[in-house]
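Two complexes follow with chain A in common, the first pairing it with chain B and the second with chain C.
Up next, the complex of A and B:
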C-alpha cells in the first residue's frame, strides 16, 4: 500500500473524531504540544545561549548601527591608516582615512540583511516546492524533485556566480543569486518532512473533513514542519552569510565604497603587516556570525527533534 | 571495531569521520578560525616564521624566481594572455632592435645595422652573423621573414588560435635580400618603426622550430635570447634555463622561473622569505614594510599613466562642460598619497609621463584640481545632481582610486555609482560601449615602448581602441584631425619640434574634448631580495624582462 494513504485504523480514528463533532485540528494536539515543549528546550545549553546572544547582538548592530556609531563610514579624511586608539577613531582608519569602527559596524548590514533575505527567498521557494512535491507525490513529485536534483547537481558557488553575473552585483543580485541557489537544499528537506507528515492522522482527518490540498498544506503540514524548517533556515543563513562575504571578497557582491565585511577583508589584506586589524576584525566578525548561525541551527534541531541526540 | 583504517603503505591511519560529530566539527572550525586570527595578529606583530636564507645567493649559478601576474603556458610573440607570458618571450626571443629602458634610444640587436631609404618606407637590415638559436640552428634572414610574416599575414599557418598580432598595423612586407640582409617595406613613413620592432611582436623565432611545431610554437618557443624555454604550466610558472651560446655571453644564473603569484599578501611574504627573488607587482602599500624587512625597493622613473576614460557618447557626459568638471573635480594629490602610497606624482605633462621623451610641464594646467570650478561648470549646464557610473578593476591601486574619485565627484554635485570588475573581464567591458556602466572607466597605460606615440598616439587617435570603443572620441566633431597630427608627430625626431607638436595635440585633446582624465603618474614598484643583482629594473618597471646580467 502506498504511504500516500492512511492506514485503515487511522482512517477509522479520524472518522470517529469527525463524527464526534470534534474538529480535525484536534488530531494535531500532540504536535502542538511537541512544539510547546520544544520552545522550552531552546537555548538551554551554554553554547546555545552564547550563540543566540551573539547572533542577536550582530543583528542588533546591523539594524541599529547608525545609532551606535554616528560617524559616516564613507567619509574620507587625510588621516589614512591611523592605528587603533587614535583620537576620534577607536579602531583607527583605513587606507582612505575612513573610520574603521564605523565601517565595521555598518559593514554588518549587508552580511546580515542579504543573508536573511536570501535565506527567506530560499525558504519560500524550497518549502513551496518541497511541500507540494511531498504532499502530492506521484508525477508532480517526480517532476519537481528532478528539477531540484538539477539545482543540487550544479556546484553552488558556480551557480551563484552565474546568477550574480547575470542579475548584476549589489544586494538585489546577491539575494536572488544566493536565494535561488540555496532553495534546492531546503526543498529536499521540506519534501521529506511533507512526505512523512502526509500519512499522519491529523492530515487524514483534515482530508476527510473536506479540506482541500492547499489548505491542508498551509494549515496542517506547515505548522508541523515548522520546527525543523526553522533549524534548516538557520543552517541556510550561515551558508548564505558565507556566500555573501565570499562574493563581496572577490568583487561580485556589495560594491565599494559601501562597507561590507567581505570586501573589507579583500581591501585590507595588503595591509596585513602594517594594519592587521583591517583584515582581522571583519574576518573574525564574519566567522563569528557563521559559527553562531550553525550552533543556533544545532540548537533548534535538538529542540524540535530530541531523538536526534546530543 | 576500530573506526580507523590502516593505509596499505602502512602510513598514518585515516579517520573515516565516524567519530567526528557535526558539533565537534563546528567547535574545531571555531578554534581554527580563532587560531587563524591569532596567527595573523602574531605575524603582523613580527612573530611570523623565520625567513629562509635564499636571499644570500652567489654571484653565479642558482635560480632567479620572478613573481608575475600569471601564465597561460602559451609563450608566443603572436599571443597575449598575461604579462608573464610576454616576459617569457622577452627572455627567450630577441628582435632586430632593442630598447633597454635604461636609455630610450633604439639600439641594434639581431640587426647589426640598418639603412632607411630616402622616402622613409624601405628599411634594409644587415643581420648579425654567427648568432645561434637554442635549437642549434644559425640565425639568417629566413628566420626574420618567417617570424615577421606571422605578424603581417593573418593567414600564416603558424598563428595560434586567438592570435594577437601586435605589430600588424605596420602593414609591412618583409623579404630576404640574401642570407644576412632583410628588406622591410611599409606603406608610408613611420618614425616609430624601429621602436616597434623591439617590442614583443618583432621577436625572431627559429624557422626550423616554426616548421616543426607550427601553431603550437607557443609551447616550444625557440629564439636567440639569453634563456631557453624548458617548461610552462598554465596558472603556475614558466621555467627557463641559461643559454650557453647567447651572443652576449651566458647569463650568470642557471635557471629563471616566472612564477604566478596573484595574491598581494603572498607576494609580500614570498619576497620577505626569499621564495621569490623579485617582482614588479609589489603592492604599493607594502613598499615601506618590505624595505624594513631587508627587501630592496627600487626607485624607477614614472613611466605609466593612471587614467580615467570618459565615454563622450553617454548622455550624462554629452556636454564638454560636464567632462571638464570631472577633470577639475579630481584630487590627484590624494590619489598619489593614498592609492599609490607616494609612488607617483601629480600629472604635470598630461598623458606623457616623465620617463618618456616629449614630457612637457607646460601642460600641468590640464590636470588642475579645482572643485569650485567643477561645481560652476556643472551648474552652467544644469548637470548638478546627475548620476554617473564609475568602474575599476579589482586589483592594485584601482579600487582605492575609484573610491577617491567617487568622493571627489560627490563633493562637486554628482551622484556616483561604482563597481569593481574582475580583472579578466575588465578590458572587455571597457571595449563594450553598450555596457550599462560604460561612463567613467579607470585604467592604466604602460610604456611598452618608451615613445610618446605609445601614449598619445595610442590614446588620442580616434581610430584606436581608446579613441573608438572606449571613449567615443571618434564620434565627436573635428576629432579626425588627431590622426594626421599624431602621424606628423611620430615622424619627427626627438627634440623641441616634436615636443611642441605633441603638446599641441594634448592641449586640444584635453581642452576641446576631455575624454581622458590623467589621475597620476606612477611606476610598477620593483622589489627584489638583497642578493639579486644586475636586473634591468627600469625594464621590469615597464613589464619587460631583461635578465641576462642578473645574478642571485
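Up next, the complex of A and C:
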C-alpha cells in the first residue's frame, strides 16, 4: 500500500479532497475548461463538422430509411440494369430489376446497425476486462492480459472469418464475431488508461473514503476514462464497419436477398462493364462511412487527449 | 544469438495455443462437412438416405471419434507436417498451401514496400513543410486512409484502372496463356530459375492493383510515424553537423534522418502486419488472386475443414514468424538494443 501514499501529506490531501465531495470535479477546474475548449475546437474544424454530419446522416438513413424511400428494395421489375436517371428509378435498377436507390438506402442498415452493435460489444468486453486488469493489477492483470494477447496473436480478419464461420452468417454472427475480435484492442487501451488513473489522488481519496473496488471503477475511473474511450470507440466503429462490409462482400456476412453494401458490391462485380454504378455506389458509400468515423475519432482524440498528435 | 534462440523458443507455446484454437473452432462449426458432401451427392435422395451416407462419410473422414482422439491425431499429423487432404478434389492441403503461400507472401511484401515508399515520401514532405497547406493535406490523407475497407478500395481500383482506363489486369496472378508451372512458387525466383524473363512484366502488372489496395490502408500510419520522427530529429545536433558539413537537404534526409526513422517504421510495419495479412485475405478474394486468403475463404464457404485448418495455421504461423522477425530486426537496426540484450 505504501506506494499509493508516497507521503503522509498526500494522503491527508486526498482525504480533504474526498471530504469536499466529488473529488475529480473539485480538482478538475481544467476538465471543465477542456470541455469548453473541445466544443470550440469542433466549431473550428470544418472537416470535423462535415464528418459528424455525415455520420449522423448515415445513421439517420439506416434508422429511418424505410420512411425515406417508398419503394420495396426486394421488389423485382422486368426492367433490369436500367441506367441512373430512369423514370421511377433515380439510380437505375440492378440485374433483377430492383430499385438501386431503395437498395442503397436499406443497405445502410446492416452496415450501421451491425457495426454499432459490434462496437458496443467490443467496448463492453474490452472496457470491462481492461479496467479490471488495470485497476487491480497483479495476478488478475497478468491472467486477463494473457488472454487479451492471445486474442491479438491472430490477425483479426482471420479471427472474424473463423468466428463467423462458427457462429453462422447473418447479423448475429457478424456482431458477435466482429465484437469479440475487436475487444482485445479496446482492452489494451482501457487497461493503460485505468492503470494511469488509479494512482491519481481522487482515486486514493475515494478509497480512503471507504469506496469499494467496483464502486471506484464505475464511479471514479470510468468517468475519467470516458473521453479517450469514446475516441477509441469511434475508431473501432470504422474498423467494424469495414469488416462488416468486407465479410458480407466475401459471402460470410449478410446473406441475400437482404440489401447490404458489401454484398451489393460483390453482386455488382459481374456487371462491371455494363453497369459500374452497381459497384461504385455501395463501395463509395462504405468508404464515406468509414472515413467519417475516422475523422470523428480524430476529432474526439484532439478534444480529450491534448497530448496526442501534437 | 542467445536472444534470437530464446525469442524463437517463446513462439512455441503461442503456436500451440493458436493450433488448439483453430482446431476447436473447426470442430464447433455448424453444418458438418459430411452433411454438405452427402447433400451434394444426394440429388433427389430422401432424408434417411442422406443421413445414412452422412454417417458413412463421417467415419471415412474420422469425424466420428471422440474429440480428444481427434485432437491427438491432429497434433500427431501436424508434427509430421501432414495437414490432411481436402474434402473436395482430393488435393493434399500442404500442396495447396505450397502454391498459395508464396503468392500471399509476394503480395504482402509488395504492399509493405509500397506503403513504406509512399509513407516515407509523404511523411518527409509533411514534416519539411510543417503546418503548411501541404502538411494539412497529407495529414488529412493519412487519417482518411486509416482502416479504409480493402474490398471497396479494391473494386474501385478495378473500376477505374481495369474497366474505365483499361490499364491493368484485374484478375489473378498471371495470365493462363503463359503456362506458368511453379518451382518455388515465387514468380520472381522462378523467372530466374526457369530462365523465363517474360513472366516478370505480366506478374508486376497483376500485382500493382492488389498491392496498392493493401498499401494504401497502411501508408497513413507510416506517414504519421515518419513525420513525427523527422520533426523530432530535425533540430538535433547531428543534423546540424551534417548541414554544416555542406550536405544537401536531400542527403541529410536520406542518410541521417531517414535512417533514424527506420526503427519506428519497422515498429509500425510489425504492428500493422496482422492487419495487412488480414487485408490480404479479403483483397485476394476481390482480385481472385490465388493466395491463402482466397483459399481460406473458399474453403470456409465449402466447409472444407482440412483446408480451412491448414490455411488458418499457415496464416497464424506466418504472422507469428514476422513478429519474431521484427523483434530481431530491431537488433540489426539499433546497436544500443544489441548491447542491452547481450
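In this text, the second predicted complex is superposed on the first by the 271 of 310 C-alpha atoms of A that agree within 3 Å, B and C clash if a C-alpha of one lies under 4 Å from a C-alpha of the other, contacts with A are read in each partner's own complex, and residues count from 1 in each chain.
Going forward, a contact is a pair of C-beta atoms (placed from the backbone, for glycine too) under 8 Å apart; a residue touches a chain by one contact, two chains touch by 3 or more.
Just so it is clear, the structure is predicted and the values come from calculations on it, not from any experiment.
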Looking at the superposed three-chain arrangement on chain A, would you call chain B and chain C a clash or a fit? clash
Which partner does A:274 contact after superposing on A: first (chain B), second (chain C), both, neither? first
With the two complexes superposed on chain A, say which partner A:228 touches: chain B (first), chain C (second), both, or neither. neither
In the superposed arrangement, does chain B or chain C reach more residues of chain A? C
For A:241, decide between first (touching chain B), second (touching chain C), both and neither. second
Looking at A:76, would you say it contacts chain B, chain C, both, or neither? Reply first, second, both or neither. first
Please work out whether A:96 is in contact with chain B alone, chain C alone, both, or neither, and reply first, second, both or neither. first
One more residue to check, A:155. First (chain B), second (chain C), both or neither? second
So in the superposed three-chain picture, is A:257 touching just chain B, just chain C, both, or none of them (first/second/both/neither)? first
Quick one: is A:283 in contact with chain B, with chain C, with both, or with neither? Answer first, second, both or neither. both
Considering only the touch criterion stated at the top, classify A:163 as touching first (chain B), second (chain C), both, or neither. second
Can you tell me which of the listed chain C stretches (219-227, 273-281, 309-317 or 327-335) runs into chain B once everything is aligned on A? 219-227
Report, in rising order, the residues of chain A that make contact with chain B in one complex and with chain C in the other. 250-252, 269, 272-273, 276, 279-280, 283-284, 287, 291, 294-295, 298
Chain C touches which residues of chain A in the complex? 47, 150, 152-158, 161-163, 165-166, 168, 235, 238-239, 241-242, 245-246, 249-252, 262, 265, 269, 272-273, 276, 279-280, 283-284, 286-287, 290-291, 294-295, 298
Note: in the complex, chain B contacts chain A through residues 22-23, 26, 29-30, 33-34, 36-37, 40-41, 43-45, 263-265, 268, 283, 285-286, 288-289, 334, 337-338, 394, 399-400, 402-404, 406-407, 418-422
Quick one: which bits of chain C touch chain A in the complex? Just the residue numbers, please. 14, 17-18, 21-22, 25, 28-30, 140, 143-144, 146-153, 155-156, 158-159, 162-164, 274-275, 277-279, 281-282, 285-286, 296-297, 300-301, 308, 312, 315-316, 319-320
Residues on chain A engaged by chain B in the complex (per definition of touch): 74, 76, 78, 80, 95-97, 169, 250-252, 255-257, 266-267, 269-274, 276, 279-280, 283-284, 287, 291, 294-295, 298
